[in-house]
Amino acid sequence: MDAILFLTFAAIAVACAINLVLQTHPISSALSLVGVMTSLAVLYLLLGGSFIAAVQVIVYAGAIMVLFIFVIMLLNTQGERTQPKKNVLPIAIALPLLFSLIGVLAAIVATQVPAGEIVKFGTFSGGDPLTFGRAMFTRYLLPFEVTSVLILIAIVGAVVLAKKEI
Amino acid sequence: MHQLWLIPALPLAGFLLNGIFGRKLSKAAINAVAIGSVLLSFLWVVKTLMGLGSLEEVYVERYFTWIQSGFVNVGFDFAVDRLSAVMLMVVTGIGLLIHIYAAGYMAHEGGYYRFFAYLNLFMFFMLILVLAANYLVLFVGWEGVGLCSYLLIGFYFLKKSAGDAGKKAFVVNRIGDFGFSLAMFLIMVNFGSLDFGTVFAKAVPMANETSAGVLTLICLLLLLGAAGKSAQVPLYVWLPDAMEGPTPVSALIHAATMVTAGVYMVARSAALFNHAPIAMEVVAYVGLITAVMAATIGLTQYDLKKVFAYSTVSQLGYMFLALGTGAYSAGIYHVMTHAFFKALLFLGAGSVIHALSGEQDLRMMGGLRKKIPVTFAVLFCASVAIAGVPPFAGYYSKDAILLAAHAHHPWMYWVGVVTAGMTAFYVFRAFFLCFFGTYRGQAHPHESPLVMTAPLMVLAALSLGGGYFLNVPHYLEPLFGGEHAAHDETLVLISVGAGLLGIALAALFYVVKPGLADGLARAFSWPYKLFYNKYFVDEAYDAVIVHPLRDGSSSVLWKGVDARIIDGAVNGTGSLMRAIGGGLREMQSGYIRRYAAWVVLGSVAIIAVVSFWGGVK
Amino acid sequence: MPPIPTVVPMSWYLILSAILFTLGAAGFLLRRNIITVFMCIELMLNAVNLTFVAFSHQLKQVDGHIFTFFVMVVAAAEAAVGLAIILTVFKNRQTLEIDEISSMKL
Amino acid sequence: MNLLDILLILPAAGFLLTLFLPKDNPGLIRNFVFGVSVVTFVFSLLLIGPVLASPGRLALEGNSSWIEYPAIRYHVALDGLSLWLVILSTFLTPIVTLVSWKYIQNRVKEFYAFLLALLLGVLGVFIAQDLFLFFVFWEISLVPMYFLVGIWGHDKRIYAALKFFLYTMAGSALMLVAIIYLYNKSGTFDIPLLLDMMAKGRLVLTGAESNWLFLAFFLAFAIKVPLFPLHTWLPDAHGEAPTAGSVMLASVLLKLGTYGLVRICLPLFPGAARDNANWIIVLAIAGIIYGALVAMVQPNMKRLVAYSSVSHLGFVVLGIFTFTQVGLDGAVYQMLNHGISTGALFILVGMLYERRHSLEISDFGGVATAAPWLTTMFVITTLASVGLPLLNNFVGEFLILQAAVQVNFYYAAFAAIGVILSAVYMLWMVQRVFYGETPETVKHHMPDMSTREWAIIVPLIALMVWMGIGTQSFLPPISANSTQLLQVMKQPAPPSAVQAAKESVHAR
Amino acid sequence: MPANFMPTAQEYLRFAPESLLILVGVLLMILEPLSGPDGKRKFAVISFAALAAAIGLAIAAGMDPGPAFSGLLMVDGFATFFRVLVLVIGMFVILISTNYLKLEGHESGEYYALLLFSVVGQCLMAASNDLIMLFIGLECSSIASYVLAGYLRDDKRNNESALKYFLLGSFATAFLLYGVAWTYGTTGTTNLTAIRAYLMDPAHHANMVVVGAATALMFVGFAFKVSAAPFQMWAPDVYQGAPAPVTAFMSIGSKAAAFAMFVRVMMTAFEPVKDRWEPLIWISALATMTIGNCAALRQSNLKRLLAYSSIAHAGYLMVAITAHSEIGTASVMFYLTSYALMSLGAFAIVVYIARKGERFVEINDLAGLSQRQPLVAALFVIFLLSFTGIPLTAGFFGKFYIFKAALDSNLVWLAILGMLNSAVAAYYYLRLIVVMYMQPPAEGAEELLAPTIGIRVTMLVTAALTIALGIFPSFILDLAGKSAAFAR
């Protein structure tokens, strides 16, 4: 069961990610990204991260992606214009590069990281909101507080940059 | 103490006075200072020599340590022995006469004070050279006279040829000095001193070097030095050009005194040469070659002073022949007599030139014996003296040399005799061309004033009687030993005969049958051209040394090595850096995605290296 | 056709993460629309998050989740600022072509 | 307070005060700086006594900590080697101040300030006994010279200034690495201490280490000297600098290089110095001949004199690397001689430039007629430069060649060719500039020497004669130092080093 | 883990500088809408005072070193040193900002607030002892910088700069995070001290390949932030486009903080595996300085030139990291101090030269500066000589200590190549002097008004300190030496 779930959602995630990269219109990409995020949320659940899975859906797939889509709509951009002459050079350079990146990363993971135990839903539940909240407000209190500054910066920044534009 | 230092110091004082204040002084004052200082110097020489008596021993005066460093310890010392006594007398005596003569000769020239200042400076250095008690002090005088020669040859510096000649003289002398200084260093290293006394004392017990050794090297280098100063082959080329200087200078420096410095120096170093037979042989050969070569050139020249200049070279060759055969005293003897008659020849020539307002070309002279009789008379004296007509000065010294040559290698004697004949021929050729026949020039000849002719007469007397009355070889015997070759009457007769034959031929060609000479020249046009053009030696030097050196330095070294290779490398490094910078700029394309590609590339490489290869270690 | 596995080891999650990370990088290198490029960064962050969560499972710790959480917060903040920057760029240049934003170079 | 501290403070204070003088009163600035430099010179004469009193040893030592870590000390002292170089520097500064009196008309304040800064730098180099301090002053001396060339120079001044700076900088970069390396080995920058440690075997460098360190120092110094083929900055810098700059560059700055060789390269790395001596001597001789030949064909007077410097400095290097008493004495003496005579040459060329506003030889001719005294002075200086006896250069060349013969006759034979050639290029220049008919362009612009110019040139000429004849006024402290240096170089390797060498042999 | 977690007063003190700045930042935003168009100057004054006060607090906190907030912060000497350094840099940046903003008509509270927040982030980077805290601090600093880089939102150059900085910065951050994730996965912790302990403990048999990969990925992030090769490409574009004072802030303050973070992570957490990353760092260092110097040779834009110069300096700084010793760390600290001083001075001059709209940022705009404004030119010379590394300036000792550290770890060739690099660098620094001193002013050049008080103070103080450090470096160096030991 776990395997099927994993494979299914992994496949969705990868497919959506590929779609994200292939689509020329940002809206399609954004929707693909939502797809990735949602399927990742399922995988988080599988890994015992119930709280984080929820946050993933609510904050990430919900709030952040909405922001993206909002801006895309606001700017009303078209899809990428096809270039007058098909320039294959970037792809010719980028693809080997990317293959070597994935190759290196995967090689390390496959050969060096201990395969680890079998991931089975329910074997780890340390990611529930209670445990999460305990850690967050004791040991990680400071970063949590500082995060508020971060958000503040983001707000100020957005206002400064886009005050009169919106 | 005999205060030897006064001897050079007096002319030096004259030099300083004239040099610094001369421009504001009257001619009379300049004369007083210049001639007076030399006169005083001469008198001091006489007084000193009388005070020193027979000079069986070397008399040394030490003044101060000049250079002291490690094993090098050189004092500023003067010494007098019989050799330097002879030279002192010649230098100051002839010098005095020429100073007096010059007062008249230069009376109408610009830069009067400058001329006398230089002349005094020359006296200063020449006297240092003669008085030196070690090689370094000798070298001071040696270089100093070279300098004065340079200054005086270039006295008429408005003329480019004068400047060129001066420079040539200095540079060629420098080549000689190169040898001299290297010899000096070797002496220092091998004998631990430059002091004549010490060096010769150490040299005496040494064995003769039958194969080339350090002594031979030293002597050959000394010879190189001497050859430069005394205009020997192959460094004689400057002397004919040196005639660009005023005539008194030619007489004093380039005939009577400075050019004999080489002879003096070799004679001075006799103790070394005696142990280096190979070097001796080279000296003799050099002398002989020089004598013959210069004489042949002298046969064909038309410039009065040039004839005498080649004659000087030739006579210097004789002196070297004497040295090379071990007849040092004969060499010095010839130095002295040559000083008399050659100074006279030049001064007489000066008088002729003076009379003709500067004309020097024999072809523009002729028939002057009536117009300038005194000059004619003194020049005749000088000519017979140089031709070796007994019993005049040249006869004695030349015979001494030729006899020594015969004792050494008979064939050298025969070459010497032929040269003597040529000498007589060309001197009389000039004499006849000048004074006989008809006048071919435009100027109005007039006899020189007494201030010029008086020294001429004194010199004439010396040329006639100097050889007989002043028996130098005998005087120098304690120094160089009784080296007389057997007095062979036949040989003497042959050489005298050669001289007379030369005179006769000259008379035939230029008095009796003028025109015969031209015919002969046409008949033997190839050797004639060779002689006339001085064996093309100057041209050869130009083509082989001067031009390659100058052009090579300019185009190869400066513009090639310096500008192209070294600076090219330096600037090239800069350009390379800039090119790298340019390349890096190109990478800085401004495109975000390309930058990202670099990030990915860098990451892949770094991850692969750091994780899999475990770093370099 | 290999048989469908019945259980999945943890490293599969990591491989997936690596794939997603690379795909994100690919998008960054290949897409020309700035917003899409930005979304690709989000994809990369998601991949990282997956790694964190997977390791957290492995280590039986919550710390990885916490890190993930902070990454999300930062992503949100970055999104706000980033989109604002994109807005100003668009306003000044009327384009979202990433290669046209290259006036500063060399 | 040590006398040497005052020696440094005088120009430093002068420099700072000059900066605060009013810009629009150049007369005041000139007088002030002239005053300062004269005071410094007179003051520096006070240093002679103490140095003579302790031959072969350091005198007037001042040693206090500057920086705790790494242990950098303000260690200054004077010995026979540096004494005359210090005095040469202080002596020339008032002279170049006078030289620039009329020559420099714009930005007077900066000019004179830089002049004093330069003096400070070179004095520091000559008295520093701490490698780090040495390096600091070494680099400091670079900056004012850069400005002097770059601002007040001729047409290609910027190129020349940059080239000068970068060349030297590249060399000193390696030197700094070597200095640090040495510190890491020994824990000190102090030269006397390093020597002491080496003597006692507390500091042992392997052959390779010693060799590389030597080469690093040597390169820096060789560039400064400059040794062929690293010399190409020199004609540019000399040729383009204003007179004062050329003088200081030739007379003092080049000496930093040769001074460094004697002060650092030889005593610290005697073995490496000996191992490398042969090719260095070959380069030195190549420089002697090469410099002379290239000087011969220069159309520009300053460049000619500059190349002649390459030739002369070749002699100095030759003398140093003979490792003999005579050679070292001669080399140090020759440094001073070159300082005086080449300095004077540059000054005289500068005087010609001020009159005719050209440095091209072809623009001159017949100056002797128009300005006889100037000509006389020039000729005397020329004669000194070509090494005529009784003038200063002769003594140095004599000693150096003497030493060369001691080592290898052929070295001397080839080096002596340079003496011949010096006559060629110098006299040829004299002939072309001073002799011949006087063209109109020269005739009316060639007044003879002014009082100021007399005041500049007479001391120099007097020194040429004095140093040519009265060598014993100068040589003894130098000799004492050379003796000491050779003593240091001869010291046998301490037992521990021998042992280490043996062990390394066994280890193979 | 106690459920009733309550930080002590001591821990709050250790966080006090940041707290103060955050408060003041918030205060500024409250005041912003309340102040009229003429009242903007007070924001500068307030934030300047806040930074000054924060320095006091940082020093006070440094008196009593120790961890805070469950070991997330580590207020040791190192942290204090860098906190003070970035705070001082912040103060100078404010000094050179005020007039600039006024000229551009964009003086506002937000600018100063963002600046303060960014400084908060930098302080945190210096003091974090946990990768989480480090990440948050880094993002605080970066996000604020992104905004500041594009602060003049109508300026195309500003936009572009901000966009490039933002996109590439986020891209690199992803790599950094990936590295953090793997580090976490391998060692089970994000606390630097704990990571070190884990790696030190031979019982754990940490897989070196994975650790290496994690280090490498984190290195990508760090190298990007300090603009080290091959991740330096963003820097020139971003520095050129951003407003000059912000460029100063990014290239000095952010760089200092990034180095603090870099050094701390490498010297504490990953020190046990130094054999793996040491060659990486010195190769990168060499490439960085060479690229920076060579590329700078061809620049004509002053800001861009300084950007390349700053890349080159990053290369020198990394040399010292290879020494992985306290001396090396101390030399990094010293070098950063001197670099900060001379760069601030130089940027003050750039701001002064540039004038409104940054119209005059070409090198040729400096022509004849020595005649137009002698003092400014003279001070610029001091900074340039310091960049070059001429003695009696701070830059010289900086280089000296750096290369000494390299030689301490026997990297002779690195030292030699580094020194030769500085000779190359001399060329372009000297070229500026050439333009100022040896070329006449351009025809019809606008008259330069005397510098404003902020610029003048910055120039004079930094110049004085540059010289002072060049003569008596011990003051800072001793401090750095004492602070170089990390609390582990």
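Note that the chains take the letters A, B, C, D and E in the order they are written out, and that residue 1 is the start of every chain.
Everything below uses one rule, namely that a residue touches a chain if its C-beta (ideal position, glycine included) is under 8 Å from a C-beta of that chain, and two chains touch if they have at least 3 such contacts.
Note that the structure is predicted; figures quoted are calculated from it, not measured.
Path length between subunit C and subunit E in the touching-chain graph (shortest route): 1. Chain centres computed from CA atoms place A at the largest separation from subunit B.
With centres defined by CA atoms alone, the chain at the far end from subunit D is A.
Comparing the chain pairs A-E and A-C, the larger number of C-beta pairs in contact belongs to A-C.
Averaged Cα coordinates give subunit A a centre that lies 70 Å from the centre of subunit D. Taking each chain's centre as the mean of its C-alpha atoms, subunit D lies 43 Å from subunit E.
Each chain gets one centre point, the mean of its Cα atoms, and the points for subunit B and subunit E are 77 Å apart.
Between subunit B and subunit C, the centres computed from C-alpha atoms are 95 Å apart.
Residues of subunit D found to touch two or more other chains are 166. Residues of subunit B in contact with two or more other chains: 574, 585, 588, 590, 592-593, 596-597, 600-601, 603, 607, 611. Within subunit E, contacts with two or more other chains are made by residues 132, 136, 139, 143, 146-147, 150, 153, 162-164, 167, 171, 185, 209-210, 213, 236-237, 427. Touching pairs of chains, sorted by label, consist of A-B, A-C, A-E, B-C, B-D, B-E, C-E, D-E.
Of all residues in subunit C, those touching subunit B in their complex are 25, 28-30, 32, 37, 98-99, 101-106. Those residues of subunit A that touch subunit C in the shared complex are 2-4, 6-7, 10, 13-14, 17-18, 20-21, 23-24, 26, 29-30, 33, 36-37, 40, 43-44, 47-49, 51-52, 55-56, 59-60, 63-64, 67-68, 71-72, 74-75, 77, 79-81, 90-91, 94, 97-98, 101-102, 105-106, 109-110, 113-120, 123-124, 126-127, 131-132, 135-136, 140, 143, 147, 150-151, 153-155, 157-158, 161-162, 165-166.
Subunit E makes touch with subunit C in their complex at residues 131-132, 135-136, 139, 143, 146-147, 150, 153-154, 156-157, 159-164, 166-167, 170-171, 174, 177-178, 180-182, 184-185, 188-190, 236-237, 240-241.
Remark: subunit C residues 21, 24-25, 28, 34, 37-38, 41, 44-45, 47-48, 51-52, 54-55, 58-59, 61, 63-64, 66-67, 70-71, 74, 77-78, 81-82, 84-86, 88-89, 91-93, 101-105 touch subunit E in the complex. Residues 4-16, 18-27, 29-33, 35-36, 38-40, 42-43, 46, 49-50, 53-54, 56-58, 60-63, 65-66, 68-70, 72-81, 83-88, 90-91, 96-97 of subunit C touch subunit A in their complex.
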